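Multiple structures are listed underneath, in structure tokens.
Next come two complexes built around subunit A: one with subunit B, the other with subunit C.
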Partner chain A sequence: MARNVSTQRKIVVTVVAWTIGILIFFPILWTFLTSFKTEAEAIASPPSLFFFDWTTENYHEVQSRSNYFLHFMNSVVVSFGSTLIGLIIAIPSAWAMAFSPTKRTKDVLMWMLSTKMMPSVGVLVPMYLMFRNTGLLDTRTGLVIVLTLINLPIIIWMLYTYFKEIPGEILEAARMDGASLSKEIIYVLTPMAIPGIASTLLLNIILAWNEAFWTLNLSAAKAAPLTAFIASYSSPEGLFYAKLSAASTMAIAPILILGWFSQKQLVRGLTFGAVK
Partner chain B sequence: MGSITLSKVSKVFGAHAVIPSIDLDINNGEFVVFVGPSGCGKSTLLRLIAGLEDVSDGDIVIDGKNATELPPAQRGLSMVFQSYALYPHMSVRSNIAFPLKMAGEDKAVIDKKVTDAARVLNLTDYLDRKPRQLSGGQRQRVAIGRAIVRQPKAFLFDEPLSNLDAALRVNMRLEISQLHQDLKTTMIYVTHDQVEAMTMADKIVVLNRGRIEQVGSPLDLYHKPDNLFVAGFIGSPRMNIVSGPAAAAYQAHTMGIRPEHLALSKESGTWQGTVGVAEHLGSDTFLHVNVDGGVGTVTARVSGDFAVTHGDRVFLTPDPQRVHRFDEKGLAVR
Partner chain C sequence: MATLHTRSAARLMIAPSVLLLLAWMIVPLAMTIYFSFLRYNLLMPGMEEFAGFSNYSYFLTDPAFFQALFNTLAIVLGVLFITVVGGIALALLLDQPMFGQGIVRILVIAPFLIMPTVAALVWKNMFMNPVNGLFAWIAKLFGLQPFDFLANAPLMSVILIVAWQWLPFATLILLTALQSLDEEQKEAAQMDGAGAFSRFIYLVLPHLSRAITVVILIQTIFLLSVFAEILVTTNGGPGTQSTNLTFLVYAQALLQFDVGGASAGGIIAVILANIVAFFLMRMIGKTLEA
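Moving on, here comes the complex of A and B:
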């Protein structure tokens, strides 16, 4: 039976939800609007929300000053590359832990998660030195390696919880039906696991795309992804809000579009195991 | 074609022997039901036969061939699971066809067999649907369809009806019995519901704590239970178990009398008591009578026309021909 919800309650909940939604979205909207202002208008007080002289000058400026396409390609290579390599390592390991767990499986999972609890800056110097000594500084390869390692625990955890949801009886049914291990994987397990793998893939591309600490510290010019491209507009000579906003908008647009089209998968990924 | 023999089969998990040692013969074409309370090892025993669990010791012989070390697929058995275990991403057609596809059958043969199975199970209109678009009963039929297309040596059913509602359960019970009569294939059926066991089985195997308490036809178990456990487990409502002086009067340590074998009278009888609860089913009435003299609460099944209510004083007389006698160890004295 559905709960009775009074009109008053509905109105309150709606207003609260919209307020929170707008609060969360406001910085992105503000960045987007600022990117169409002149530098003077961008720092004007009081600021104007919609009524200003719209200009695309910032975008032209950003385009001429830096090579957006290079940074964009770096971001694509680094985020997709690290996620794919991560998946290749994580699928078999999550699979093993989900389907043939041992006494230590939980401990291993906790240990992997614990690496995410350490502040990254704590290992910045040793990492930087290792990268310098091996010639990985400012290379796409280096960034792919570091992002793979950083996101691996999350990828494994997501896949593990997803694989756990596949009922063992279905695999037993396949075995009774005469499927060999390879056929069991091809015809039964993989099709059932694909939605989980897809949402893990999407979420990790987004995480890798947005990762700023390591990409900023371990890259300079050649391998710098879009995070570095944004950062280059907050310079010591002063902040150029309008140009910074234009750069930010350009940097987040691709991932925002990807996220928009894959909302359903993402929500599924974020609420794994929440409902049976 | 489908005889199964278990000799000294045991299963040990860690230090715990779920099944200490079991010997059992299942003849070709028999409908055998494993029944017992939860945790008695009946599902484990079925899984050992299926090959989904490895035996710790002993041999499983299927059709005269030792199958103890064979993987599930090579034993020639089909299984229907409690959760149906359908492949959620496949249509009904692909689900039923799956075992044939795995066996490398010809496409034309697969189509024909799937169509036939669907017709038998009334699934023809649902062949292109996904399992999630089906009701519980339909899903169960798909699971049965997937089991029958292989023409196995024997079917294994693991509590297949426990996820269905009561009315559907009665229907499916009939359908499975009908299927057994049509196919004449060996069936092993696991349930905790003694009504399912009584109504469907040719042979019932009563299990308790991993041991076989008794094997026999439903009426054998009903009329001649070997021990107190079987006496109490088979039959609904349960047999009344009485010990002490009332049992000594029948030369037994413990006596058992089924509710339907107690004669009710308002004037005279062996035991006198007060009616506690009267459950009127229409056809019958179950009376829970608090009998005087240390006998305790006794259930009697009387005709639905008998007008008795809470608080009435009544007399109950056990039918002496139908009294079951047990010794100190709980074994039947005959």
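Moving on, here comes the complex of A and C:
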């Protein structure tokens, strides 16, 4: 039964919702617009919303001044690297727990999740010292290691909830037909699990890309991903709003687009399957 | 049908994750506990000595600690209040039929996907700056004196920025929960003459209670360790007015090089987080059984 909704009401709701939506989105829109202004226009009063001389100069400036590309690549390597390694470690574990559960499976899962609850600052000191003593400080390898570890519980949990939804009978049928364990994984499970794995991959790239505790504390000029690079704009060094905006726009655009494509998975991943 | 063969294979497959997480959980934490009982400053290497509980008593009698504890709670509670109330309102709004619902959703979700350093710097410079910020311009439009947010209300400003980032999270989860509410139930209530308000109180809110709990618990875990937003906006100041526990430990460790003191602070933060985690784990544990 279709609900009777008067057109008038629908229009009011539309106007209110759009207004609030645009207000919430406004800082991002404003950053985007400012990135195409000159520094003088960026702080002009009254500010101009659309009617200014659009320029892409800031984007060139950001690259030539600070080797933006290096930091961008650091972000790419660290977020993709940590996510892929995490998946390689997590897929067998999640598979085993989903399809051959034992009495302790639930406890193991809960324990894994509990490692995520430990505040990073509780282990900041030893991590910093260990990294310093092993030369991992300010290296991509070091950041990949830490981000893999902090996101591993989420990866396992997400995969587990997805794998749980795959009917176990199919695996048994394959087993009856004489498929070995490795064949079972490659030919039966993997194709069915691809959507879940893809969602997990997506969410974790987002989380790793935006991670801003370890990246800020364990990296400097060489391995700094965009989170840490952008933070260097916090020191007041004159007029820099337009350049900050250009650097920011490039830093957030890829993840914004990825995130919009994976709205549903966001909810599921971030609540550890508690809300679907 | 778990045969002996698959069971041992299963164990083998779980082993790497378990071992890695076990190492990650035990090794650094044990080191933090060990350091917390030492007098150990990086500026004076080789001078480490056992210090008993003096790091803890130093931390627990430091006025900055209580300020940080208060600020941590203020950030958690302030952001929770804004995001839960705002999230419920927004979720109810977005659940209504409208034109372009998908696009509004995309607009509302966006702040959650922005990296913390970008979000904080954009707010700090382009909105809250007392000279060039948009808020200053708006104030001047109305003939008011521009307000220096980060100097005069640093904690409130941080709360505002963090709330902007987390509002989408609450909205998204509450909206998802709202959409699973049975349409027929709502209609039945409507036919029985329940008004919009009583439908909200007796039907919608109870249905959302689980999702609200999840939002509160998960956000609390993250909000206890807000860091980047403070680092790039106020740097904990003025004084320690916007220093939270995470930032205090960071400053003690990497600015003052006091390994012992920072470790004691870290352990205190771990204990606090564990109290919250305990309740969250029970919540999630229940869903595993379902």
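One rule holds for everything that comes next: the second predicted complex is superposed on the first by the 213 of 276 C-alpha atoms of A that agree within 3 Å, B and C clash if a C-alpha of one lies under 4 Å from a C-alpha of the other, contacts with A are read in each partner's own complex, and residues count from 1 in each chain.
Here is the rule we use: a contact is a pair of C-beta atoms (placed from the backbone, for glycine too) under 8 Å apart; a residue touches a chain by one contact, two chains touch by 3 or more.
Keep in mind it's a predicted model, so treat the numbers as computed, not measured.
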item: First, second, both or neither for A:169, with subunit B first and subunit C second; value: first
item: Touched partner set for A:46, first subunit B, second subunit C, both or neither; value: second
item: Residues of subunit A touched, compared between subunit B and subunit C (which is higher); value: C
item: A:179 touches, of subunit B and subunit C: first, second, both or neither?; value: first
item: Touching partner for A:192 - first (subunit B), second (subunit C), both, neither; value: first
item: Overlap of subunit C and subunit B interfaces on subunit A (superposed complexes); value: 172, 175
item: Touching residues on subunit B, where the partner in the complex is subunit A; value: 50, 52, 71-73, 77-79, 81-83, 85-89, 98-99, 102-103, 146, 150
item: Touch list for subunit A against partner subunit B, complex; value: 167, 169-170, 172-180, 183, 187-188, 191-192
item: Touching residues on subunit A, where the partner in the complex is subunit C; value: 1, 3, 5, 10-11, 13-14, 16-18, 20-22, 24-25, 27-28, 30-31, 34, 43, 45-47, 89-90, 92-93, 95-97, 99-100, 102, 106, 108-130, 149, 152-153, 156, 172, 175, 181, 206, 209-210, 212-213, 216-217, 226-228, 230-231, 233-234, 241, 244-245, 248, 251-252, 255-256, 258-260, 263-264, 266-267, 270-276
item: Complex contact set, residues of subunit C against subunit A; value: 1-2, 6-7, 9-11, 13-14, 16-18, 20-21, 24-25, 27-29, 31-32, 35, 90, 93-94, 96-101, 103-119, 121-127, 132, 134, 137, 140, 164, 167-169, 172-173, 176-177, 183, 187, 210-211, 214, 218, 221, 224-225, 227-228, 231-233, 235, 245-246, 249-250, 253-254, 259, 262-263, 265-267, 269-270, 272-274, 276-277, 280-281, 283-285, 287-288
